[in-house]
Amino acid sequence: MTLALTVLTTTDSAEKAEELARGAVEARLAACAQISGPVTSVYHWKNAIETSQEWQVFFKTTEACYDTLEAHIARVHDYDTPEILALPVVRGSAAYLAWLAEETSAG
Amino acid sequence: MTLALTVLTTTDSAEKAEELARGAVEARLAACAQISGPVTSVYHWKNAIETSQEWQVFFKTTEACYDTLEAHIARVHDYDTPEILALPVVRGSAAYLAWLAEETSAG
Amino acid sequence: MTLALTVLTTTDSAEKAEELARGAVEARLAACAQISGPVTSVYHWKNAIETSQEWQVFFKTTEACYDTLEAHIARVHDYDTPEILALPVVRGSAAYLAWLAEETSAG
């Protein structure tokens, strides 16, 4: 059973990552977010392998907030096709999950 | 099918993160743990958006060990409501999963 | 429902992590990969608790590519029993998931 979601996106500066995180938390679309980086991203671009520096944002939210959070990230993000992926939380501390639900109840 | 769990917590220093990691591995409640940080955490606090530095701990364990690991983290952690969330592992190398089960069999 | 997979491995240098990431992306076994590190790994070794520096690689791929990606990592990796674990993606941006499937369609 999915109790909550960890939603991931990546962007190309610490400032943009913080803007994405703050905006989602401010709008109550996530209870909190963690920014990790720089990380090295490796991907295909025009038939070559590119590497670039990126920052990862991990949002903690509920299933109920997911669609609105995805729309928020897509709107604020400046990539054409940003990574937006959600991983399920299947166990968790009852107190933390209650806090997470409370923080996002207005989202 | 859930084959194993990745359990996450965050705390506010590298030393506390290592204490949480070592304690769980020592008690055989996790096969291993990885500490990542500092990361930037963004959350609501008293009607404002706060950011702070934290360290993430990713424990690798089994479903059988989860409840005892959660109780261990809650006891050692000095936050009132620490993040304790488990994400499911749905595929994995058979050799690594066997090692993970063996390492935690006394947990 | 699993829409995609995030596959994790860890290794002991940034160079080996990049080799693992580039090889998988080049072979179309992952749409992209992110390398994070150094992280501090904590584990049992010969009845003591060891800590060491490692780098984490997060591959983004499909369920269809998983077995071939696992075999690739096991072949390139120089650990006897490397960590290879897959976490499910249960929600995601339709555009990003389509890109992920397209990038790995030859894998």
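We call the chains A, B and C, going by the order they appear; numbering starts again at 1 in every chain.
FYI, a residue touches a chain if its C-beta (ideal position, glycine included) is under 8 Å from a C-beta of that chain, and two chains touch if they have at least 3 such contacts.
As the structure is a prediction and not an experimental result, all values here were calculated from the model.
S.K.: Quick check of your reading of the touch definition: is the inter-chain graph here a line, ring, star, complete or other?
M.R.: Graph shape here is complete: every pair of chains touches.
S.K.: For the two copies subunit A and subunit C, what is the rotation angle that overlays their Cα atoms, in steps of 5 degrees?
M.R.: 120
S.K.: Could you please state the distance in Å, as a whole number, between where the Cα atoms of subunit B are centred and where those of subunit C are centred?
M.R.: Centres of subunit B and subunit C (C-alpha means) sit 19 Å apart.
S.K.: At which residue positions does subunit B touch at least two other chains?
M.R.: Residue numbers touching two or more other chains: 36, 87-88.
S.K.: Quick check on the complex: what are the subunit C residues that touch subunit B?
M.R.: Residues 2, 5, 7, 10, 36-37, 39-44, 49, 51, 54, 56, 63, 66, 70, 73-74, 81-88 of subunit C touch subunit B in their complex.
S.K.: Would you tell me which residues of subunit A are touching subunit B in their complex?
M.R.: Residue positions touching the partner: 4, 6, 14, 17-18, 21-22, 25-26, 31-36, 60, 87-93, 95-96, 99, 103.
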